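Chain lettering (A, B and C) follows the sequence in which the chains are written, and residue indices restart at 1 in each chain.
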Amino acid sequence: MKLMKNTLITAYWLTTVALFIFALVLVFTWTPTESTMGDVQKIFYLHFPVAINTFLACLVNFIASLAYLWTRRRKYDDLAVASATVGVLLCTIVLMTGMIWGKSAWGEWWTWSPRLTFSLLLWLLYASYLMVRPSIESTTRRALVAAVYGVVAFLDVPLVWLSVRLMPDIHPNTIALEPKMWLTVAAFALPVTMLSFGLIFSRYALYRRENDRVEARQQEEEFNETADAAATLYHQGGLTS
Amino acid sequence: MMRTLRQLRTLVAKDLRLEARTRQTVGLVVVMAILIVTVLGLGLGPQQLASGFAAPAVLWVAYLFAGVLCFEKTMACERHDGALAALLLAPVDRGVIYFAKLISNLILIAAIAIVVTPVALVLFGFDLSAAPGAFVVTVGVSMIGFAAIGTLFSAAVNSTGVRGGPLAMVIFPISLPLVLASTHMLIKCFRDGEPITQTALAILIAFALIYLVVSWLVFEMILAPGSE
Amino acid sequence: MTTLSVTDRFDEPAAVKTGAAMVCASGLGVRLGDRQILRDIELTIRPRTMLVLLGANGAGKSTLLGALATLTPVTGKLELFGQTVNRDAAALRARIGMIGHQPMLYRDLTARENLVFFGDLYGVAQPQARAMQLLQRVGLADRAEDAVKTFSRGMTQRVAIARALMHEPELLLADEPFSGLDLASIDKLEALLDELRHEGKAIIVAHHDIAHALRFADEVAVMRRGRMTMHKAAAQLDEQALRQEVLA
């Protein structure tokens, strides 16, 4: 059973890598080069699917947070952290590729364009989620705050989007894609999605294993503590007698 | 309905009486906010100051920090000695507890803003006379949204643990759309001399309402037991 | 050791035990997140009863009190004052008073202000008069205008009890009310609880002092690891047997 599971996991990752290589070969040999931006435009094929997956990771975080608030089961908190971690990682890639894009399109690494600002705010939103967790000591309190935050943060995303639209957009960057280009996007979307969900679930499984161990130990300690308290009570014979 | 209003009044009156009795929050927060404004003013230097449009951003920084301190203080009195448990035992709707706390927070923040805002406007040479109404409405609506979020998280983040840090870490990123939208509206209004459009105002009001409704709904969930 | 259940003791004068059950729980359980904290609780409490809950820390005493106060969602059957507890338990909650191990008071408000505040929340008629009357009763009338933070532990506890009584609850729940009190305060509190019982209230006290519990309880229940392992009339118990049951 365990062997089979491991084989499946290995097969999953191998497929992901193979699909990635295929997509890379595709983008450099088959996909036409975009006329105004040249080769740098190719970064878009990675940028776009990763952006979509950032959103999906946030969605998973939202659903897990809601599930935690509803049931207070530890496993949903674990899933929420796993997805937030992957979300921040993907968002970092979106930001970096976006900045490379900006550098070649407008000659600057950073402009306060709506899109870049949006990515930055999204990154901040979920990076805060990860950073605030360790500062809360009690595990149930931490999970609770994180879940409340996860729910509110996700609902905040459209507001962030709306608010950045109020900023003056000095760099309209709509590009008409040829059908072949869209196919390349699709070729990237598959491995990127497999990668992000693979990462979410491997992290989740890791947290589950760790927490199971911690909980088992806690229960044992709690039992000892109860026994201790009972023993003290017995020897003292209560307080007033 | 009458009962709900009476309970709201009782709860808010209690918060204000506690504040009047201890006089901790408002004084401390006002001085800290002025401190922030001063530090930013010193840091920005005469050129940026001359433009006169740093004021909205500087004010927001002051409001954000002042708000976090304020939310924390008003919730701390419920945490101390377990008074919150007694509130939960009383036949009071959880939503009423939330709104009462929100109203108390708004009153305190307004009190703080009334002192801090003129100071910042004077220090940064921001001329309010062009559209004072637009300024008050924009800041006021944003404050409602900000306080809604702050009230929710001050209840969730246990203030007996690390203070200040975590609460600011959760409230600031969530409030960024409000900050962004309102500062842009203010700059457009005062620098470009364009009146605030209905669309922009509608967006801001929608933001505040969304924060309000979401916080109210989530608040009921966090007060369920097992949260300690 | 005899194993009579508590229902067997109603051969006492009938006038002492009348009225419908205030609490009737059957198959009651509490689950918080991943942990089943209480299970299979069977409990019936009538008016004019003092029940003491004994058990080690973490046995579920506080959780049971929380469940009876309708603060915790429960599984199984729970009836308070003859009504099933559902989602909107506010009306039932208004008939319950609770004293926790924390005083649940605002330390910067005076004793009277605290009581009037809670009286207003409960919609008590003439909260001012009621507050003074209760402060008189717990012997703190002369300190009514002092902030609670200036009070000793015993005095704070008495204000806490006055708070719990502001709305004249029929059921009084007390979580470790004796802990941290000096001997004089313990005596006063015990006398007060006894008076309240004679007025017809049902009182449930979580406690950890076995000998003391036997002195003032009518009924004793023992909790262990989320279950109620024993529930008997105090008269039928001797200290040694009870000690064994609690520490088993």
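We take it that contacts are C-beta pairs under 8 Å (C-beta built on N, C-alpha and C of every residue); 3 or more make two chains touch, one makes a residue touch a chain.
In this text, all values refer to a predicted model and were calculated from it rather than measured experimentally.
**Q** With centres defined by CA atoms only, which chain is the most remote from chain C?
**A** Of all chains, A has its centre farthest from that of chain C.
**Q** When you average C-alpha coordinates per chain, which one falls nearest the overall C-alpha average? Tell me, please.
**A** Smallest offset from the overall C-alpha mean is found for B.
**Q** Nearest whole angstrom, what separates the Cα centre of chain A from the Cα centre of chain B?
**A** Between these chains, centre-to-centre, one finds 30 Å.
**Q** At what distance in angstrom does the C-alpha mean of chain C lie from that of chain A?
**A** Taking the average C-alpha coordinate of chain A and of chain C, the gap between them is 48 Å.
**Q** For chain B and chain C, what's the span in angstrom between their mean Cα positions?
**A** Whole-Å distance between the two chain centres: 40.
**Q** Using the touch rule from the top of the page, what residues of chain A touch 2 or more other chains?
**A** Residues 72, 140.
**Q** Got the chain B residues that touch at least 2 other chains?
**A** In chain B, the residues touching two or more other chains are 224, 226.
**Q** Could you tell me which residues belong to chain C and also touch two or more other chains?
**A** 32-33
**Q** Looking at the complex, which residues from chain A come into contact with chain C?
**A** Contacts found on chain A: 71-74, 140, 215, 222, 225-226, 229-231, 233-234, 237-241.
**Q** Quick one: which bits of chain C touch chain A in the complex? Just the residue numbers, please.
**A** So the residues of chain C touching chain A come out as 32-34, 56-59, 178, 183, 186, 208-212, 225, 239, 243, 246-247.
**Q** Which part of chain A faces chain B closely enough to touch in the complex?
**A** The contact residues of chain A facing chain B are 69-70, 72, 117, 121, 124-125, 128, 131-132, 135-138, 140-141, 144-145, 148-149, 151-153, 155-156, 159-160, 162-164, 166-167.
**Q** Applying the document's contact rule, which stretches of chain B touch chain A when the two form their complex?
**A** Per the stated touch rule, the residues are 149, 152-153, 156-158, 161-162, 165-166, 169-170, 172-174, 176-178, 180-181, 184-185, 200, 203, 207, 210, 214-215, 218, 221-222, 224, 226-228.
**Q** Per the contact definition, I'd like the list of chain C residues that touch chain B in the complex.
**A** Chain C reaches chain B through residues 32-33, 66, 69, 71-73, 90-91, 93-94, 96, 98, 100, 102-109, 113, 117-118, 120-123, 147, 163.
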